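My questions all concern the structure below.
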């Protein structure tokens, strides 16, 4: 396990370099001049040029990147162009909210996905299986924002069971926060549930037809013990892979769901920043997200080893 | 009362080309403590018969007819929940490939403990004690630490011993062993067959040993039942079959085995192939390949009782077929 | 071999084949110093259990495995040192037949195309079709099978196609690696007969590798017994089976089941215990010392060399002259 951690730590570095340089490039290649945005609407050309020089926008791209990198490794992600707050603070403020939303979505995805996948596999090629499979396809095809709007419309506006928007935070009011997270988690998680159900069904069907499951039946184990005690563990490796992938997907889709439900998380932060050419925020968020993705992969790899003794 | 009795067992399989009958009219009796060899080549239906008796064929795709009496009780008439309790406790089965037959993500000891607790209400500690005991019985050295191993950490022979331990831990009346040693080295095979033989004698377990190897049958079994194209063609004591086979297929199998006195001489090879399930002849299924086929062989062939043997051949009495020894049969 | 004998066709000398294992510093010595010869028109059987290295020897002879040390000489040419065009020219002299008849054939090619392929690659253009037909008929297949694809053929037929394809370039040596192990017993007999006829009619030499002692004893002129990467004994087939000189050979003969009635079976010593040690960590001294019933102190310390014992055998055992080992009746 130690060797795994070490090799992962080593791959983290080039991954981050690649990701951050890529974003650095993309953001600066986008049309629009940040010097103009910073200087203000009524600035003169001289003032704009001055801002440009002060911020270093006139220097070569690579030099700007290296400067940024130098500060970033010391923990200084810069300050926002828009309001001068520290990027690290802005991220620290919004990341926990998004992570809670992602956790909620993951819960929805795993619970719904596993139940559906197992149910479909046990009744493979039957009518029930067909229903579950088509529901999964539909779920995978549904855009998160559309689903979010539908959920808000039905459960919040018409039935008034759950709040439509907002997020107050656990420290303020835990009960309300939980209820506020329900709809957005579902909106975000359904597509993940569909993917998990589909993959698990396929793997489980193979597992249930395998030689060792035949032995389990021959020993007199009931079908329920076989499915939940053995087949699920045997299917765990591909399942973990899919679940790990969902985390990355949720981090991307969170932007849209946060917008629909009025939650100010990291998605909202980065979109606003991108629109305003607020480079430091965008770059800072990318670093953080890249680290999260690498950590997720690492956790998945560690989980493989816990579940399957042959991978050691 | 015999430990296991199959009466007129038939298995129908649903394929893309409709329903075909893979096994037809199988009669087989195994007494307590007896080891019977069920012999046949690929397509003979021997494995399908065993899986049908255990209820392990895919439910939607197969249909079993006839009776499979386990100590008098018909397995085929049991409800699924009842069959689940019977399996592993009163009748067990072990398979050919021990690598794929054991669950790779669980320790072998846990798999045995699970079997014990599926059939008896015992504490986990008691089950573990019994597990170590039974691993010792099957000849695994240092059983308490071996129980913590995963299947991939054990050799093929060890894994098969674990399978045997798991199958016999609840002391079933009948054990079906489907090609248990085919995938093992010959020295390991000899050990495993010896183990099966000794355990059967010690516990009175009736064993059905499915194999294509007549040598294995000769050394381990007291009776032999030969299957061809889904039917039993001969059933008798092993020595009788080897000395004086009554069915041309049994004789052909014996002739095909290399023998030191026929070293470097051409072996007898049965011409032709097993007919496909969808195109079985109406009469004797072996007739198209039989050197002794005559006009009466075009009629459907029942299993005839000749002395203490059963043979599915209308010409059995008049034919004198070569057996395992040089020269004509007595 | 006597001084007047013609030049042997294949000379393998001190052959070593090693494989790197992931995460291990020491490579696995699959073949650790093996020497033997095969004469023209001779069948040499190489037997051993899993981990013996016999398949690695076959692959090294075919230049399909890297040779770490030693030499392979084919008709006077250092086959192991050839490269490029020279290698391609000489490769046609050695052809192979593998275990799985189905995996060896391209499912999209007809029989005709499969047999023609080596001829086309060998550069021939005229007479390719005639030669293909000749090979097909030589292996006992009907010409109406020429346009069939593998999925329309039986296991035995597929293996015959593999043999026909191997014969297309008129090789001098045929390497058969478990070529009959995956076939049914009655089908096996036909292929064994075919191989014998190829030796007798075409004068081809055969290196026949198998774990099945019965089959090898039937086919081979001489047999080499391998254990954990080394040769234990090399002797003519007849004397090896009736009068083995290495304890491992005796153990193999004892373990092999005999398809004879009980009264006629050879009384044999009890089966040896335990599993073979891992090939990655062979024991010190004689490799068989951990399981040998006749082991002495010297065996654990000093590795015996393969040396002539008696009129025609090579044995790697310190006590080969003294031991009276049990064989099978002749």
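Letters are used for the chains, namely A, B and C, taken in the order the chains are written, and counting of residues starts over at 1 for each.
Here is the rule we use: a contact is a pair of C-beta atoms (placed from the backbone, for glycine too) under 8 Å apart; a residue touches a chain by one contact, two chains touch by 3 or more.
On a predicted model such as this, the values are computed, not experimentally measured, just so you know.
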Topology of the chain contact graph, where touching chains are joined (line, ring, star, complete, other): line
Let me spell it out: compute each chain's centre from its C-alpha atoms, then which one is farthest from subunit B's centre? A
Counting C-beta pairs in contact, does A-B beat B-C or the other way around? B-C
Calculate how many whole Å lie between the centre of subunit A and the centre of subunit B, each centre taken as the average of the chain's C-alpha atoms. 54
Between subunit B and subunit C, what is the gap in Å from one C-alpha centre to the other? 31
Within their complex, subunit A touches subunit B through residues 210-212, 214-223, 225, 230, 233-234, 236, 307-310
In their shared complex, subunit B is touched by residues of subunit C numbered 49-50, 154-156, 184-190, 192-193, 196-197, 211-215, 217-219, 237-238, 241-242, 251-252, 254-265, 271-273, 275-276, 328-330
Per the contact definition, I'd like the list of subunit B residues that touch subunit A in the complex. 54, 56, 81, 84-89, 92-93, 95, 97, 100-106, 114-115, 118-119, 150, 152, 163, 166-167
Which residues of subunit B touch subunit C in their complex? 41-42, 155-158, 185-191, 193-194, 212-220, 238-239, 242-243, 252-264, 266-270, 273, 324-325
